[in-house]
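This is the structure I have questions about; it appears just below.
Chains: A, B and C, in written order; residue numbering restarts at 1 for each.
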Amino acid sequence: MNAQPPTAQADGLQDVARALEAVRARGPLVQSITNYVSMDIAANAVLAVGASPAMVHDPSEAAEFAGIAAALSVNIGTPSPRWAEGMAMAADAAVAAGRPWVLDPVAVGATALRNELSADLLARRPSVIRANASEVLALAALAGAGARGGSGKGVDAGDAVEDAVEAARALAAQRGCVVACTGKVDVVTDGERMVRVEGGSPLLPRITAVGCSLTAVTAAFCAVEPDPLAAAVAACAVFAAAGTRAGREARGPGSMRVAFLDELSTLDAAGLADGASVHVLTGAAA
Amino acid sequence: MNAQPPTAQADGLQDVARALEAVRARGPLVQSITNYVSMDIAANAVLAVGASPAMVHDPSEAAEFAGIAAALSVNIGTPSPRWAEGMAMAADAAVAAGRPWVLDPVAVGATALRNELSADLLARRPSVIRANASEVLALAALAGAGARGGSGKGVDAGDAVEDAVEAARALAAQRGCVVACTGKVDVVTDGERMVRVEGGSPLLPRITAVGCSLTAVTAAFCAVEPDPLAAAVAACAVFAAAGTRAGREARGPGSMRVAFLDELSTLDAAGLADGASVHVLTGAAA
Amino acid sequence: MNAQPPTAQADGLQDVARALEAVRARGPLVQSITNYVSMDIAANAVLAVGASPAMVHDPSEAAEFAGIAAALSVNIGTPSPRWAEGMAMAADAAVAAGRPWVLDPVAVGATALRNELSADLLARRPSVIRANASEVLALAALAGAGARGGSGKGVDAGDAVEDAVEAARALAAQRGCVVACTGKVDVVTDGERMVRVEGGSPLLPRITAVGCSLTAVTAAFCAVEPDPLAAAVAACAVFAAAGTRAGREARGPGSMRVAFLDELSTLDAAGLADGASVHVLTGAAA
């Protein structure tokens, strides 16, 4: 990070609006291997932003389908050995086909299975890692990227995003990928550039699997935006803006989910500016 | 199809209303083997129309349960070898017990697994096939029923229902079953008779797994209506009417889902007439 | 049961309010092995009452995770041999770690697999069994606790709670656990004490997997309340109160689900008194 005070970038939001238009215009097919809890909301979120979700996970077809899909999302939330095999095959097929893929290492650090699976998938070259602060800290520690382990025990973060920024940067630099560390604020980095996205609502994390849905939507943006950092920033900004706006009218997590999906599907440039801000902390040349 | 201009049939909607009353009065137990994405909404849709859903899939109990259930629904949306085994066993047990079953060949044509599984299940004599236009074209081509393959790549149709009508008719005639090809309009045929159902809303396909839910609800209607064509028409008309009415008040896919389930549970004859129309394109004696 | 007329106990609701505050203050990590249908709503219900849900089921990590979680919930709704193995391992690990666990024997009595699995899990010493009347009757019969089998065929009860009270009491006494038999009213017993909880709405059972969600939420209360009878009563009363209040404004099962989750997350002592009542039928010393 540098000494400049971060300032909101109107340019950043214009890029987000353009990326959102591209998702809606092209409707990319997004293969999503995700946990059972998130199947419904993740598919609905991908559909709401204008892409086409396809949940295809089994080793008997996961790699074949990755050759058809425009992007792949892999979330390890409810892992098992057979699903892990499908994840690895799909990731390899996506890379072989030159397609972007996004990794969500849910609750890495909590069990040996999650640590092994996350390390295995990390080695298969994801374009973007989308995770909460505790998961970023745990994954960076696993990868030897200089971080202490996180204090998360389950799917909810026990650490603040601010405390995982350096781990995110080191992990991204080491692996040559983008890390999107999300929470109250989101920080997206490729090891050199670093962008902060603000917005959202305290009600947003009261809906289960919103983070998993953001992972799948990040894959949708990667399908239309060649720069994975810009794609991840766009996905975070769209979620932040829809979250801010939905949070104003929701009375609890039930109505929040309804309003959030409605907002995702109707969001435009004015809505983005109303509900989110994008701050470039470190530019490409910094 | 014949030369008569299709006209809305008040009689058709009266039959639908009677079938809906029968579902509510008898509350049939509907076994549903469906994909992970649709588990929640399909069970809720079956419950909303007045039937009792039971998701029972594993080979260790799927056939046994098919002997208890009044009808069976099989959707291949997130297939794996073990689930495929359960599907085949349940279908055979339903046929052996004289119970109707409905097949939903999700994304057939997209992968070898889906083609093999769909062909295998098709040979087990479903009462009704519920599919989108691309899936009907792909399944008819697989079955040698004279169609080109469809242009769908995932779960969303790449073809219009109009382009799949002849494939639907040929497939139904060849297999002695009913094919319900659904989309902006729905066409239901048993190879001789052909009925078109109109209604719905552009917001309806913005909810994921609505088609899968229609498949499960079709099974519920098959449990109370001995003519599978009439059962499939009733299910399509109920979804069309609830969709039309929900679409008038919804602001996006989140509120659409809420309103749609509410409408499914409260729909009456007046609501059916308000939101759907049934057109007999070719009668039994045509 | 005794001869005293049951009367509503303000004390009972104060205990419920205190337990709800404890869940919100401590946010216990609740491991939930549940069926596919309920994954979304059960996780959201656990989150809405203030706990942290984690769906961890596979034998490769289920026992390890049970050592981290504050309580465990096991629901057999969509069973398979591999999941059954994970359930057994998690239950044993919870008991070994001195953590409470709650069993939901969905549709026990319907298939041989469910009978075997339920008997196996019952032997692993659950703290609480949460079930509908038909399931309580079937499980008590399996356990030789003197009941006839129930008349349920699927996931919906074919029997009234009143008809299962004695079976619940006998089962609880035989096994030294708490049985929460839920339906239009709920009866909770440890074999000696017996408490009835009233409230709810006819719309509540029109949402699929509400019972499964109550099971997971019961585990959340067990994590903060050492007396499993008090924990089960608290969970039932919270659901009853949220159900009563949500039912006043809902127009069908879609809006009911939204309002119910909102109510779960905002419920306070006044809301509890407004929507539920707790009746001690037999006290500890009776």
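Assume a contact is a pair of C-beta atoms (placed from the backbone, for glycine too) under 8 Å apart; a residue touches a chain by one contact, two chains touch by 3 or more.
Treat the numbers as computed from the prediction; the structure is a model and nothing was measured.
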Note to self: chain B rotates onto chain C (CA fit) by an angle, in degrees and to the nearest 5, of 120
Taking shared numbers over all numbers used, above half giving same and below half different, the chain A and chain B interface sides are different
Chain A to chain B, mean C-alpha position gap in Å, rounds to 34
Among chain A residues, those touching two or more other chains are 36, 39-40, 257-258
Listed in rising order, chain A residues that touch chain C in their complex are 35-37, 39-41, 77-81, 107, 110-114, 153-156, 206-209, 250-255, 257-258
Chain A residues touching chain B in their complex are 29, 36, 39-40, 43-44, 47-48, 52-58, 60-61, 64-65, 68-69, 82, 257-266
